[in-house]
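I've put the structures underneath this note.
Both complexes below contain subunit A, partnered by subunit B and then by subunit C.
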Partner chain A sequence: MTTSRRALLAATAATLATPRIAPAQQAPGVTANEIRIGSTNALSGPASSYSVISRALTAVFKRQNDQGGIAGRQINFIVYDDGYQPPRTLEQTRRLVEQDRVAFLFNQLGTPTNSAIHRYVNQRKIPHLFLATGADKWANPKEYPWTIGWQPSYRTEAQIYAKHILEQKPDAKIALLYQNDDFGKDYVNGVRDVLGPRFDAMVKLASHEATDPTIDSQIVSLQSTGADALICGIIPRFAAQAIRRVHDIGWRPLMFMTNVSVSGAVVMQPAGPEKGIGLITSDYRKDQSDPAWANDPGMNEWRDFMRRYIPDGELGDNNYTYAYGVASTMLQVLRQCGNDFSRENVMRQATNIKPLDVATLLPGVKVQTQPNNYNVIRQMQLQRWDGRSWVRFGGVIEGANV
Partner chain B sequence: MSAAEQTAAVPLRRPETTVAGWQRAALLLAGLALAILPAFLLESFQLFQLTMAVIMALAVLGLNIVTGYNGQISLGHGAFFAVGAYVTAILMSHLDWSFWATLPVSAVVCGLVGYGVGFPALRLGGLYLALTTFSLAVAVPQILKHKAIEDWTGGVQGLFLVKPDPPSWAPFDPDQWMYLVAVLVSAACFLLAWNLIRGRIGRALMAIRDHPTAAEAMGMDIATLKTRAFATSAMITGIAGSLSAVAVEFVAPDSFTFALSISLFVGMVVGGVASILGSLFGGLFVLFVPNIAETVSKAAPGVIYGIILIGFLFILPDGFAGLLRRLYARARRGAG
Partner chain C sequence: MEGLAHQIIAGIATGGIYAAVALALVMIYQATHHVNFAQGEMATLSTFIALSIIQAGVPYWLAFLATIIVSFVIGVVVERVLMRPVQNAPVLTHVGVFIGLLLIIGNGTGWIFGYTTKAFPSPFSSEQPLLGGLVSAHELGSTAVTLGVLVLVYLFFRHTSLGLAMRAAAYNPRSARLVGVRVGWMLALGWGLAAAIGAVAGMMVAPVVFLDPNMMLGILLYAFAGALLGGIDNPAGAVIGGFAVGVLENLAGAYVVGTELKLTVALAIIIGVLVVKPSGLFGRVVTSRV
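After this line comes the complex of A and B, so read on.
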């Protein structure tokens, strides 16, 4: 009994006396031969189809490490599962920051999940970079200077549609159909950004709940206002209904559909492909199924990467082109850092990206940031449904600067 | 159910006459000291995890009272957890209440909701009750998003709130203080639950679970006891929800999906059905096993979690509490 107690005491004393063994750190998460980056994603649960993004990011960093890393350092990319549950996102983020001591956070997935850590990372001044979510709230450098998104927000998308309408029909009457939640309201805000004081005179609004069975009555009442343009910020199920209904009642507005709801299989086929002819939407990525990119150097670079690092990856999944684009942006920021990977410098570089071409983005769509503008991708190109597929037209259009 | 029947007899046993009152008090103090110790040993992230584990343990305790001791299966305790969290969040972020003031309100609101759910539960037995409560768990996140109450609940965006500040006289950082708050509130609830179960009411609850007809014949008011058991249970789980809201400093409908209700149920079964101490193990399991599963395989953490769970059910069919009970019995036999 006494020996075991003595052994226990000795063990405890030894544990307490052991200094924290860790290589000399130059900045949090950065040593002479390593940069540690943390992320969370839904590796399990209902949103886990997005987990391929983490897989692709890991592969891009592996390729970079194979090529010698960044400034002689290997990138160590740590991803934890949050199951798309906000409390677990906070838990895993704290694990990354406080236990794994990552230099910064990159491309965490989801709007509610990132909301849960929004204040934590800004209080601790940890770069919270290039999030995988389309909400507009991440571009708020005044209140949350350490958080920055990446993809164009719904609001930017709506600005682009409004600009196009003004170009085509300067005195258009615009009907705006939106889902009554944060997603839908971003479209209202975007159109308001462009029209400013003319908004009330030019725009007629109609909203619906995600739980409504149909949106027929909203369509009919919007038609009766005499509008000649229609912008829809609605989810796929209602998009199919709206396209069909607008066609069936003989209304022929210049019609725009959110790029969330333009999938051929989910929206256009159920609506009736011929009923959607002339419908307009937008994109910022190269669509890998578009024959125009068969010999495109950028897409060839991406295909070569896929073949060598993710040979079993589904090439039709556009999460891979997304991940390749966002990882390229991250690498650019790291290269810009030179030899100073302190959190302050990483954030400074992340918010000072000069207009940059990225392999998987459409020509003319640039990645860029300024300290007072955190909208990383501000341009998109319009595309029109020709009855069989989406056809790009016109040049890229930039969202409003607000 | 066999596990529950086996264990049913145990709490009925009279307390050990050899354990004097002062010894029991000393044991209690030692337990409390042990619970507080991590606040000074662990780093803040691990302390945060442990805080969440204590909170989950409290939620599992609530479930255990109605399902373990009273035999009414509830798959919807995540709903009470959500209500507790939202009551605290709304009072703190809209009305600037202090956290402590919101606790009783949250307990009362959850108690009332639980009482309300207890009534249909009288008519629905077994699987039907399980499904009814399950539908509650599925409905609550959507109700929280509803337009009519969006101004209060913050809709999809949720609400932000802040941890209670440590009092100025105490040398604690906010994480340590949050842990201590969680431990103290939970310890009080565990103690009260233990008292309740050990006494007349607890025996009545178990009698109703094991043989309702006999219990009624002996003069127990089944309807009153069942609805009140539901209310108490919802109250305890709601308090856990309040604690979780301040520990995470954020509430959103997505934080309280039906997966939460299921993991509470898993925690109860793994910890030990109808066991106060088992709830504690249940809380630890709920929080830490998904993390362990993830370190084993990032590609399929769900599969590993399932395997660990099945393993536990094979090795410990009556939960952690059953294991402790068997070890204790063996030690006594060895000694005697």
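After this line comes the complex of A and C, so read on.
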């Protein structure tokens, strides 16, 4: 027993001591028949409902591998659980980079979690691609050239709402209710982008903390300013409270709600569906429950993928249409890479995507990047609550150029 | 001026929430001389239990009663199983257990019932909003319930021998034991009652703020400020303190410090009371003869 353990230890030590020198021309994480990609997601903990995204991404890569992979190489997608805790995200990301030696990182979940590795990946010059978060800070090519988001940022969304208000009521008085953190402040910045010097005169602000039990006081304050438009950058629990309270006090502003807080089951039903009639939000995805897409080729492509690769997946969960869109973008970048999967070239291709249609995105909404503009999706379409469902109206609107 | 009146009314409505939870905090303090940090999480768990019972088709008030009984049992079991072994341990050990309970119950609730926000039914409904929509029938009804619970607590502690025995067990366990009070069971009873009152508070709060596993996280802090302001050993004081914190917080947020510092107001109240008048506005000053 002792000798065999000793032998094992010696063998292990010998293996570890052997320098693992990769050929100089070889890019990290890439061999003749494999491309290794790393990611983290909340596979456990409070945000674990997002874990289906990783599952769907893995399935899309599997389909690609079944069809021959990329440039003759199979994609090896490694996902670790961070439980939505930033320290664990850093730990797992270091594991991906330093032990697994992945070529690059793709679609890691969450704003606080990605913030924890933002500096690390940029110092090590590792492509940190198409993150699953809507914060605006990922579009900062000057200071963080190796990080890029994907979905329209909260700031772009706010720009679109402000543009719509100016179109409808050029002299509107705007009330803005936001959560006092990065998420909420993106809405303030977005409205400021559009209004510019008129911001201070036209907008009244009220913030709240995530720990506040209610936001009644803020709503009363905003109503008393005489505002006739209201933009809300708040999480679902407060969204339900706000919709109900604004209705109950008889305030009838042109009201906009962040698209993270418009779920029928989580926000509109608790608030009372009739109290939210006229509420406006926006989306960039095709809603799979919308009959307009029943025979849409793009959505049929997605349904076919779901049937073959995720047969037990919940078809109503829009994380799947999100994942399909972001994975399509990733595959496009890999195809553009040709045969050069070095980190420099992956980043170059990721920031040079010509306007691209994606199966699960609304018609007119394009995926595109330029080296000086990291906002991947810049357009959205408005939709209004009719008491039962969201109804799209108007054309696709693009955020401001800032 | 209209704005001021609206802020005050909205503050009273929110204060009703704090008052209900503050009352539960005072209850456990009366019975055990500790402040249970897991009080909010226990109340949230009870509220989820109530929602499950209601969704199973049981009428509201029957579910209300059933939840109170279940919560009472949970409270007693927690004391018997978890607190009993550390009964004579230092206060720091108790704090450790409370924080452990907070994490276990909070995450357990999320694990069992999920993290999505849910609507909770109210037994008090009104056709049209009252006072210009600032106060709902539910908020009036829940304030009445809080006051009702307050009266019951008062009568229980002042006018029943069981209440007297419980107070004795908390204030002076050794003497109480010498005169024949079963101190261990009195503590368990105190935990049960506190859990039951917490359940009532949870069921009254949930229709306003919506139910999720973190529902009580922010509320508990304000409730604690209210309980301290009124006097942590005085149920009536805690209720008044809860309402006062609701109004103060709104007025300070709207006119003095701005909404960004509303939470700070609650913390300032806690520290201010502890520094200036530790017994609170209505609390009894404890002096001990040496």
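Here is the rule we go by: the second predicted complex is superposed on the first by the 377 of 402 C-alpha atoms of A that agree within 3 Å, B and C clash if a C-alpha of one lies under 4 Å from a C-alpha of the other, contacts with A are read in each partner's own complex, and residues count from 1 in each chain.
Just so it is clear, contacts are C-beta pairs under 8 Å (C-beta built on N, C-alpha and C of every residue); 3 or more make two chains touch, one makes a residue touch a chain.
None of the values given here were measured: they were computed from a predicted structure.
Undergrad: Based on the superposition on subunit A, does the combination of subunit B and subunit C result in a clash or a fit?
TA: clash
Undergrad: One more residue to check, A:E209. First (subunit B), second (subunit C), both or neither?
TA: In the superposition, A:E209 contacts both subunit B and subunit C.
Undergrad: Give one of first, second, both or neither to describe whether A:N180 is in contact with subunit B, with subunit C, with both, or with none.
TA: both
Undergrad: May I ask you to decide whether A:Q269 touches subunit B, subunit C, both, or neither, giving the answer as first, second, both or neither?
TA: After superposing on A, A:Q269 lies in contact with subunit C but is clear of subunit B.
Undergrad: Taking the superposition on A as described, I'd like to know which of subunit B and subunit C A:N352 touches: first, second, both or neither.
TA: neither
Undergrad: Once the structures are superposed on A, label A:S217 by its partner contacts, choosing first (subunit B), second (subunit C), both or neither.
TA: Only subunit C; A:S217 stays clear of subunit B.
Undergrad: Which subunit A residues are contacted by subunit C in one complex and by subunit B in the other?
TA: Touching subunit B in the first complex and subunit C in the second, residues 180, 209, 211 of subunit A appear in both lists.
Undergrad: So in the complex, the part of subunit A that touches subunit B is made up of which residues?
TA: Checking each residue of subunit A against subunit B gives 43-45, 79-81, 83-88, 90-91, 94-95, 97-99, 111-113, 115-116, 119-120, 180-182, 209, 211.
Undergrad: Note which residues of subunit B are touching subunit A in the complex, please.
TA: Of all residues in subunit B, those touching subunit A are 43-46, 48-49, 52, 142, 145, 147, 155-158, 160, 244, 248-250, 252-255, 257, 259-260, 290, 294, 298-302, 305.
Undergrad: Tell me, which parts of subunit A touch subunit C in their complex?
TA: 46, 49, 180, 206-214, 216-218, 220-221, 224, 236-237, 240-241, 245, 247-250, 265-267, 269-270
Undergrad: Which bits of subunit C are touching subunit A when the two form their complex?
TA: Per the touch definition, subunit C meets subunit A at residues 2-3, 6-7, 10-11, 13-14, 17-18, 110, 115-119, 129, 132-134, 136, 205, 208-210, 212-213, 217-219, 221-222, 249-250, 253-254, 259-260, 262-263.
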